[in-house]
Each structure stands twice: as structure tokens, then as C-alpha cells.
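Labels run A, B, C and D following the written order; every chain starts at residue 1.
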Amino acid sequence: MDLTFSEADEQFRADFRSWLDANLPEQWRERGFWRRQDPDQAFEMRRTWEADKARAGFAGIQWPKEFGGRGGTPSMRAIYDEEMVRYRAPMTVNSLGLTFLAPTVMVIGTDEQKRDIIKPLLHNEVIWCQGFSEPNAGSDLAALQLRAESDGDHYVLNGQKIWTSNALHADKMFGLVRTSQEPKRHRGITMLLIDLKNPDGSYVDGVEVRPLKQMSGALDFGEVFFTDVRVPKANIIGQEGAGWDVAMLLLSFERGSSALPQYAAFRREVDDIIELAGSLGRQDDPNLRQKVSKSIVELECLRYHSLHLLTQVEQGKELGAASSMTKLQWSETHQDIGELFADVAGLYHQVPDDGVDVGDLQASFLWSRSETIWGGSSQVQRNIVAELVLGLPR
Amino acid sequence: MYFALTDEQRALQATVREFLADRFPLTSVRALYDDPDNDGDPSELWKAVGEQGWLAVTIDEQYDGLGLGLLDAAVLARCWGEGCAPGPFLPTLVAAEAIRLGGSPDQKKSWLPRIAAGEVKLTLAATGRVNASNDTLSGTAHFVEYAHVADRIVVAADGGTLWLVDPAAGGVTVTRQDALDRSTRFATVTFDKAAGEQLSGQVLPDVADRAAVLYANDLAGIARIALSRTVDYDKTREQFGKPIGSFQALKHALADLHVATTMAEHSGWYAAHALDAHLPDAALSVSVAKAKCSDTARDVTAAMIQFHGGIGYTWEHDAHLFFKRAKREEYQYGDGTFHRERIARLAVDGR
Amino acid sequence: MDLTFSEADEQFRADFRSWLDANLPEQWRERGFWRRQDPDQAFEMRRTWEADKARAGFAGIQWPKEFGGRGGTPSMRAIYDEEMVRYRAPMTVNSLGLTFLAPTVMVIGTDEQKRDIIKPLLHNEVIWCQGFSEPNAGSDLAALQLRAESDGDHYVLNGQKIWTSNALHADKMFGLVRTSQEPKRHRGITMLLIDLKNPDGSYVDGVEVRPLKQMSGALDFGEVFFTDVRVPKANIIGQEGAGWDVAMLLLSFERGSSALPQYAAFRREVDDIIELAGSLGRQDDPNLRQKVSKSIVELECLRYHSLHLLTQVEQGKELGAASSMTKLQWSETHQDIGELFADVAGLYHQVPDDGVDVGDLQASFLWSRSETIWGGSSQVQRNIVAELVLGLPR
Amino acid sequence: MYFALTDEQRALQATVREFLADRFPLTSVRALYDDPDNDGDPSELWKAVGEQGWLAVTIDEQYDGLGLGLLDAAVLARCWGEGCAPGPFLPTLVAAEAIRLGGSPDQKKSWLPRIAAGEVKLTLAATGRVNASNDTLSGTAHFVEYAHVADRIVVAADGGTLWLVDPAAGGVTVTRQDALDRSTRFATVTFDKAAGEQLSGQVLPDVADRAAVLYANDLAGIARIALSRTVDYDKTREQFGKPIGSFQALKHALADLHVATTMAEHSGWYAAHALDAHLPDAALSVSVAKAKCSDTARDVTAAMIQFHGGIGYTWEHDAHLFFKRAKREEYQYGDGTFHRERIARLAVDGR
């Protein structure tokens, strides 16, 4: 055991902190700041700031330098994540592109795709969304139906995607489409890059994006409808009909990422809840104290687990289905933290600011209800752990 | 030995359910969600409450009431929960109990008949710190339901005294709060030497018990409808070529929730009857009911979201209406932890 | 709602209490009394006392008088159960016979069977055990294999039963045997009355009974082995090959019984735990108080549920799968009470008497682990609730 | 950044596992169950402990130890849990820590080399009320493991002082208790003006922390083996024509237990390392580990019984060995509730 970082890693931390000290407006770090901004304006502020950060070398931490990355270590990536949360820096606006699309293109993209996609993505010149889920293909992704009919060197798209994060701001989508009907549903799926907007910012003909309001009232998701939308076949990632394998490769890149950012963010939420308990005079309530500590126990375990995974990655080991365990641990724990917030706040959890500002905690409480559904529901994750890790029969 | 609703109570239940389904379905509740600036008190619903005599159930016949019991009121409250129904109905029922139990004959005469007829709206302010001296009140009450439309607020002051206060009078400020659950409306009410008229009886504990039972039954209604709708959805929603309700992990979770909901339902009826019949375990049963119904409604409505998958956490789906109402009522008149500590006082300390 | 009992019911209560006051030795009601007796001797004491009770008219409370019963109401039965627990009277030694066999014989038995079985059973002249489970037929009862081959007007039995309660004391067994191999496993099963002992108390040739020690060290179960045991075909209950239906009828008699005895017994356990907390100075521990109250909440709900079922029975209504809900509620709650006991006792839960006598609570804690397994495991009960009550698809 | 065992630690783990599987399998543990009158301290096992130097791991080299850390001792403790291994090994390790941390040079010199060589057996008595005055002890200690075979008992007296007491000396009475878990032996020890030799250092909190970590790792070992054996059984046991491990409700329960067990395992290693490396969150991590491992081992061993069906609650099956040991160790050196309150002191009160 050795939980210290190398000198180079710690130097990176110092450099990044200097940059954040100089470049992250003090105001942005205040509780509730982002909640009070107009969403579209907030998006633009974050888009620009993140591009500056990328130009300063603090993006694509682990990516090779040839792709505009920093060529850093997994530990640097962990340090980066930790400091971002510690500074309350705004989260990326291009999350799905950064996490999934770029690493996939690095591995199986054509040279043109590598050139055209990665750097513009890193600099937020193009915002990407992911088009996987459909109304009848949620947990059962292979049931997807968005039809792509061949027409010369183009496909013609008809159908719908749903639960598309970032749909309202995305310029392009990497999506799974059905290019042929086959008895084996997993065949006949193709991964395609689809322009949603024209260069002037207007939507491409036949593309319609509708916001999908969440139970919190926020608009982080959308539905995307396609009517006779033409997409060049050159926009395939991988091969026609190989979309399922491409998607599995793509989703595997989640596995490399530890849950240290979630740990840091949720641990701070618990601190905010402790502060709230103090302001309500409830910090000595023995039952609340037990619940606070239950959450801390699970979060600390999440941190140990992440350090373990980080070690595995640095040792070049395959993580297999470990990401399912990580997801279960952080998403279920975060829901418990939401319940803890409500128990501490009592009826104050219902009103964002009645003398006690609980707006951020309230938003997080509601959002946590979605975290056990998207990105593979807890039920799906438990199936994976049972079958792939424990080897229980289907 | 007869542990069930009477035919009359079942008929009342059927009437209210039918009325709400027909005249005030969830689409009407949704309208209150989409427009947070409205007053949350649909006039057509209040009108029906008055016409149907639903506020008259617990009021004595000499004050133009029906002279029925809390169990009958609980039947109404449960329907209200099933329908996520808005408006000052429950708050008025609770405040009316304060006057019925603790008011002077004059106070009863001037308020109970008008309540029974649905002519006035009341509410109870029992959360916060309000001090009474020389018949004036000062302080702040939080989470007062429908204070902005109330004709009178029954205010609990330090020491447990109860006061009738006109929110339109001098010294009273009503500040509306936008609550997560928009099937109610909360306000913070400040009193600055506001005039109050005291209710003579020391009935706050009784009133709080009766309120706890009514909200417990509202919660039991939420739990049942949330469970039924989830079961129905999971019977038809297909993934991997079969209904998701055929997956055993879901089945077992739903079975456990059905058992819990059934127990919650029993506890709601029992506690109402125990107060009506002055059973020796009435106090215990009130806390059992509020604890069980609070926890169960919370668990079932959370499961409703989870077991609907993606659509479950959208604004368009009804799940959040139930989830947010259950979460709000969980903390009204004592949450599970509060009532379990009270049970411990009864069972461990013997007092 | 009216939770009072009728005058006749209350008169019955008064009569029964008088009888108990006069006939139940004071010593028997002391905590730990039965634990300190030799098990075989204890069995005989209980057998005799119970027979006296039956002769006094306090047995078969709801059974018709023609069968030696009292011809009472369901409420009387509930009162009887309640008083038995309140007095800490010893439980029946012929439980499976009373609950299952006798009511079945009343409905589908031959006149001879009615005469030969019911009264001797009620007076503990014959002790019965139930032979259903086998090593490979637990939750999946229809997989049973105990072979009964036809030989003239007899069957010849070869095979094994397991988890047989009362096996060590039983004179006879009502058991399910396989009388033919058929593609539909539920066919080919027959319900048979099997003599285990000869009139002189020795075992019938070919019958071997072995005790099955539980994790508590107690011997409440046994294994019964059959080698070429001859049983007359006249001992069939119902028809040959109809054993599955007979078993379903038989098990349905559990449904009529409410869980008021469990309520009363477990509620007293909670009181014992509260007393234990007091003697350990832990009665003010807020976390323990929450746990105590959680158990009380579930027990009170069990009581309300039982009163509801009692009403249904008195109204002549079908209870359907309600017994599965009842079983889940009492067995899972009793396990929680076991955990509560351990949490209150701390390490004292490990030793029966280190200055604090916890022997009965310890035994109950261990036994509660079996209660979610026998008589239909919690998993089986949840399947039943999901499919038969909620109508979820298989 | 390296969060894993070293190759040396893994080799140690393999050696101990192999030894126990080979020379002291569960059938040997069962012999102690079937004969409650034996002393619970199999001589062949203790002999191996001495020969293999397993008691020497934390003892400094100058006292003939190996000078390794608590993490290495935790590796041993975890193997001990996996094997339900009996004997005064862990109690001696814990008592040795008291002497190592709090003893005078003379005390260390006279005890540590003999401990390292497996020549003496020790135990810690830290539960009960014992009063020290004029170098004599009076009072009662409960749940003292292996007091009946110990050469010395390290006794914690009121005020947290620690004393070396010879159980054979006058004024000491050792009364054995038959514990549910027969992979240990408990005794009640009374002191009536018994002679004691004080350890000079105020190290009880440190010793208790280190004991909590060792028992947490024992519990993590129990949890893992109980889970693996349940999974293996459920892969082959058939009901309704298929392995019961293919039923989704079981799969999901086992998946959750696997996640919990994995977290418990991490927490056990982390806390041991945190004490070795004096990390700033060492105290927090000790309580995280003991709370998580206690709860997880309890849940997994209960599930082991449930998911084995009928045979799971027989004496013949091994499930109860794990269940009873997990239940015993849950309450040694603080249960989940105790450690969560301590976490609250650190995280809420900041002290």
C-alpha cells in the first residue's frame, strides 16, 4: 500500500490549482450561483471557460498529445477530477463526447475522423450528444428502431431518440441506428455521426429537438426526431452493422474512470447537510447522526474502491464489470444522501429558500432519483454483477 | 368484531373517488404544477367540497354537521391522497377539529356551521415559534398550508395554546413559498402583535393526533395508487421481449411493497377508529399509523419512479406528483422517527 | 368498525381463563422453564396437559361438535390463541395434525377416517407429523420422489422425507408419495397415512427416524427413511394420484388462522427485550428506541391485519393468498426482533446466562432464521403475492 | 499510488489459507462445536502459529519479531475469519499490541520475544468494570476470550489504565461461558484485589483501534467466504428444473452482497494501512471499517442461511459457524452503531 502520488503527479496538481486560482471567477464557486443563471447563458459561460482551460492544457488529461491531450497518468486524471470538484469548477458541457466518443474515435476512427472530431470536441467547437435510448429501447438497447435506409452513399433516417442529454445544446449526435432488419437484433445496428445543426446554428432539415422536462423542472434531456434526414455513409464509426460492438467498446471507456469525482461531490453534499443540521439545531440528534455516518461509511468505501481501481488501471489490468459495482455504490449511496437531506431538513426540503437556502441540495435530491435509471439502471447493473462477476446462470 | 369499513363508508369512498376521477383528475392537478403562480385552490373543487358536505363529517349535528367520526374523515383523506387533490380541504378539517374540541360555545356557533357549509377556509399553523401575550401574537410560523386563502388561521403558540387569527388583520404577513409539491401551497406567516382570539381548550395534542391520522390516510391513498399504477405499467411495458413485471427482482420488490401498503392501510383505519372509540391503545395506534404510512408512501413512490424507468422521472409523467406529495406529508405532523420515539415513550418508558 | 367481541365470546374467554388459572402450573409459566426440562419428558408433560385441556372442552375450538370440537366462532379461536400466549401455556404437541390433517379429513375423509383420526388426534393419543419435503423437493414440492409401488392392496414405500417437524415423537405421518411417474409432475402424487410406530411404541419395520440437529442445537426436526415399508391402500386420503390437490386443500387451512398468536408471542418478546435493555441500562439509547419501535409498528400492523382477516372469515369471505402476506409480515418481523435482541444485548446475546438470562430470547433469535424458510420460504411467498395478488406475469 | 497487497503480503495470505485448508479445515472447527467442554484451543494450531511466526508480524525486530505492520496482521486476521479459525491467536495479537505500544522496556523484553515465538498466550479484558488501586485490581470483566488458557490477561481498568494480570494468581477467578460461537471461548473474569503490573503508556484507545481493525478484517474474511459458498451452492442446487442461482431475486440480492463485501474488504485493508502510515483520516477509517465489515458479515451470513434453504439452518451445515462468528465479532470492539456515532463525532462535531 502506498497512497501517495508521485512528484510529477503532485506537480500537476500544483499547476492546475494555480491555473484555477487565476482563472475561476470567485463568484462561480458560490453555492447556488449556477442555479440562479439563465440556463442558456450558463451553458455559454461554461463552454467558453472550458475551452480556455483546454487551451491551457487542462483537458484530455490522459489523452495522447497527438490528439491535443496532455499525455498524463491515470493519477493525474484522478487529481484533475478531485480538484475540479474541490474548486466547485463548472462541469464539462461536452461530457458524452469527452468520455465516450473521443476515446472510441482514437481507437477505431479513420484518420479524417480523428482529425475532424477530437480537437474541435476538446475545444468545445462542436458539442456532442449521444443517441442511444428510444421509447421502446431503454434497458433493452438492442430493441432500437431508428431506421437508416440506404440511398446511394447516404442513409435516410426516420425515427426517434429519447433521454438525450444535452440534446438542446448539441451540434451533433453519435447515435445507434438500424441499418438492416435481421433475426439477431444485435446485428443490423450501426454507429453513425449525425449533424443536428447547420453551420449557421439552425437545425438540419427533418431534425426536431424537443426538451424533456425532468421532475425537478430542469431541462437536461431532450427527444430528437428524425424525418427523412440524410447522413453520408462516410459518417459511420467502425463498420456498417457493427454498431453493437462499437457501442460496447464505447461504453467500456466509462470503466477507466474512477468515482473519485462523485466521492468528492457527494462528500461535500454531506458536509452541506451537516451545516444545515447545525443551522436547524439538529446536529446532536442521535438518529440523524447515524444516518449521516451511514452515508459517510459508504462514501469512504467508494473512495477506497476508486483508489483500488486506479491502481488496477495503472497496473494495466482489465477492470471487467467493476464499473457496474462502482455505479451501484455511488448511485444508491447518493439516493440515501438525498433522503438524509430530507430527514435533516424536514419540511424545509420542500422549499428552496425559506430563510435556509437548500436549493442545491433539493436539486441534487431530485436528480439522484434519475441516477439509478440512466446509464444502466440498478437492475441492469445487478444483472451484470450477478452474471459476469459472480458467474450466476442466466 | 368487525374490522372493515361499513357499507355507508364504502359508499362515501366510492362517491368521492368517482367525483375526483370525473371532475378533478390528475390533469387538473398538473395544471397547478405548470402554473406555480396560481393560488392552488381550484374554486370548482372547493365548491364541490361544500356542496357534498365533506367538511361536515366530523362536525356535530347541532352545528349543521353530520356528526360522524374521524374514520369517515379518514375515508375522505385517503381519497384525497389517491387523487393528489389540492386545496385547503384537509387544513380546514384539521383547524375545524381545533374549534370543535377546544372552542367556546360562541366560537363553535360562529365557525362550525360555516365550515360545514364550505363557506370559510381555515388552516392550522403549528410549526415555528409564536409567542402569545395580552391576546396578541408575535413570531413566525412556517409551512402553513393555504394561509393565503384562509379566512382564519388557528395558531399554536408557545405553551400549546391555540388562537384564532384573521390573516387579513394588522400585524399578519403571509409570504408564499414555492414548494416542491404543488398539490399544496405553503406560506410563512409572521405575526407582529397580531390580534388573536384564544380557544379555551388545551386541545393541541388531540388536534395534532387527529391531523396525523388524516395525513396518514392521505399517505396510504398515495401509496396504494402509486403501487397499482406501477404494477399495471410493469404488466405491459416490455423489455427483452417480455413484460418487465415478469422479472423476479421487480416482482419481489412489488410484493414487499404490497404487503407494506396493506399494513399501512390497516393502520390508517385502525388509528381513526381507535380515536373514535377511545380505545386504550389510541395514542400508540396514531403513531404506528403515521410512521408506517409515511415510510410506506415514501418507499412506494420512489419505487414508482424506479420501476417506470426513464419516463418515471419526467415532468410529464404522474410519478413525481405522488412522490413529492408523499415526501411533503411524510414530515407533516411528525415523520417516522418522531413517531417511533413517541412509541418508545409509550412502550419503553410507560408514559 | 367494531373491535369488541360478543358477549358469548367474552364468556368463553372468562371460562378459559378460569380453567387455565386452575390447571396451568405456576412454574410452567416462568421464563426458561421449558428450556431447562429434558426434551422427552417435556413432551410427555405437554402431551398429557393438552389432552386434559381437550377433555375440558378447550381444543378444536372452531371444530364441529360431532368431531369432538367446541363448535365455537372464529373470534373464540382468536381469543383462545391470545390467552394461550398470555398465560405462557405450552404450545400444542400435535400442531400439524390439528392445523392441517384434521380439517382435511373433515372435508374429504371417509367415515372411518373421520372416526379413527380426529378424536385420537385431539386427545393426543396419536401424534402426527407431516411428510412433505425431501432433500431435492423443498420450495419445489412437486419434485418429490418417495416411491410408493403398488403391491395388491398395499403400497411399498422406498425413499426419504426431511425437515419433518415432530418426527422424533410422531406415531404416524401424513405424507405425499409418488404412486406413478408421469410427465406432469403434479400428477402421480398421493397423500398417504403412514404408521411410523407399532402399537408397542417400536418403529415399524423399514422405518428409520433420525434427528436433524438445528443450528441452535435443538432437535425439532428429523429425517425419516423408508425401506420396503408396506402401507395399506385404504390409508389414502382422497384419491390415488390426487395428492397434489389434497395437499393444496390441506395447506389452505393455514389461511383461516390469523397471526394473533404470533403477535402476542412476539409482542411479549419485545417486552422482554425492553426489560433486558433496562437491566443493561440501555433503555434511553435513542437508536435502540427507534429499533424497538420499528418492531412494534410492524407487530401492531400484524395485529390489525389479523383482525381484518378474522372479520373476513366471520363474513365468510375467501382469503385467497392473504396467508402469504401474513407469513411474510410475521416471519420477517420476527427476524428483525431477533436482530433487535442482539443489538440490545450486545455480546450478552452470545451467552445464555452470564448474570442476565437471555436463553429464551437467544433460542428465539436462532429459530427466527428458520421461519423465513420452512412453510414456504419468503421467496416463495413473494412469488405468490406477486402472481396471485398483484397479477404480475410469470 | 498503490492500493493493493504487495506480493509478499499475497504470499503470506496464500500460505495461511493453504495451511488452514490443509491442516485445520472446518471439520476441525466442527469438532470444537460438538464438544463444548474442550478448551477451544487446539494445540496443533497454536503450535503452527508459533512455528510460522504469525504472532511475530507486528513485533519489532529487536524483540525477535518481524517488524511488519498492522496490514500484515490484517492479512492473517482475514484468513482466520475465512477459516472460522479458533484459538487465542487474535486475542494474543491484540494484547501484544498493548505491550508493544504501552509497555516499559523491561515488560517488552520479558513478553514480546515469547509472544513472537508462540510460547505464551495472552488476551485483553476490556469489557466490564474493573477498579485499580494500590497495584491491585477489583471488579468483573465480561466476554474475555481464552482467559482460561492465557498466561497473562491485559486488563483495562477504569480510567483507561492497562494492567498485566496473571490469571493463576490469587484473587482472579475465571468462569467459562458457553458462547453461541464455539470458534472462540468466552470467560467472565472477576478480580478481588488481584495483583497487577501496570503498563505505563496510555494506549487503550490505540489498542482498541487496532483490535477493531483486526476483527474487521476477520469479518471481511467471513463475509467473502460465506458469499462465495452461497454463490457456488446456488449455481448447482436445482428447484423448479433450474439452478436457484438463476432466479433474479436471488441474483440481485447476491449482487448487492458482493458489492457490500467488496467495499468491506477495501475498508479493512485501508484502515490497517491508515494506522500503519499515520494517515490523517486513520481514526475515521477504523470506524468505517468496523462498521462496514460488521454489518456486511451479518447480512451475508444471514443470507447464506436463507439462500441455502432448509439445510442452511442445520447443525450439520457450515452456515451457522459463519453466522455465529460474525454475530459475535459484530459486537467486539464496537458494533456499527458505536462506530457510526464515533464517525459523527469526527465529521459532525469535528473532534
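Throughout what follows, a contact is a pair of C-beta atoms (placed from the backbone, for glycine too) under 8 Å apart; a residue touches a chain by one contact, two chains touch by 3 or more.
Model, not experiment: these values are computed from the prediction.
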Matching chain pair for B-C (criterion: over half of the contact pairs shared, by residue number), options C-D, A-D or A-B: A-D
Pair joined by the larger number of C-beta contacts - C-D, A-D: A-D
Centre-to-centre distance between subunit D and subunit A (centres being mean Cα positions), rounded to whole Å: 42
Cα-centroid distance, subunit B relative to subunit D, in whole angstrom: 51
Chain centre separation in whole Å, for subunit C relative to subunit A (CA means): 55
Contacts with 2+ other chains: residues of subunit C: 286-287, 290, 379, 382
Overlap residues in subunit B, where contacts from two or more other chains coincide: 247-252, 337
Partner subunit B, residues of subunit D touching it in the complex: 247-249, 251-252
Subunit D-facing residues of subunit C, complex: 133, 136, 138-140, 143, 162-163, 212-215, 217, 287, 335, 342-343, 346-352, 354-355, 362, 366, 369-370, 372-374, 377-379, 382
Subunit D residues touching subunit C - in the complex, by the definition given at the top: 127, 142-143, 177-181, 186, 188, 238-241, 244, 247, 249-250, 302, 305-306, 309-310, 312-317, 319-320, 323-324, 327-328, 330-332, 335, 337
Residues on subunit A engaged by subunit D in the complex (per definition of touch): 1-6, 9, 75, 270, 274, 277, 283, 286, 289-290, 292-294, 296-298, 300-302, 304-305, 307-308, 310-312, 314-315, 325, 328-329, 379, 381-383, 385-387, 389-394
Partner subunit A, residues of subunit C touching it in the complex: 286-287, 290
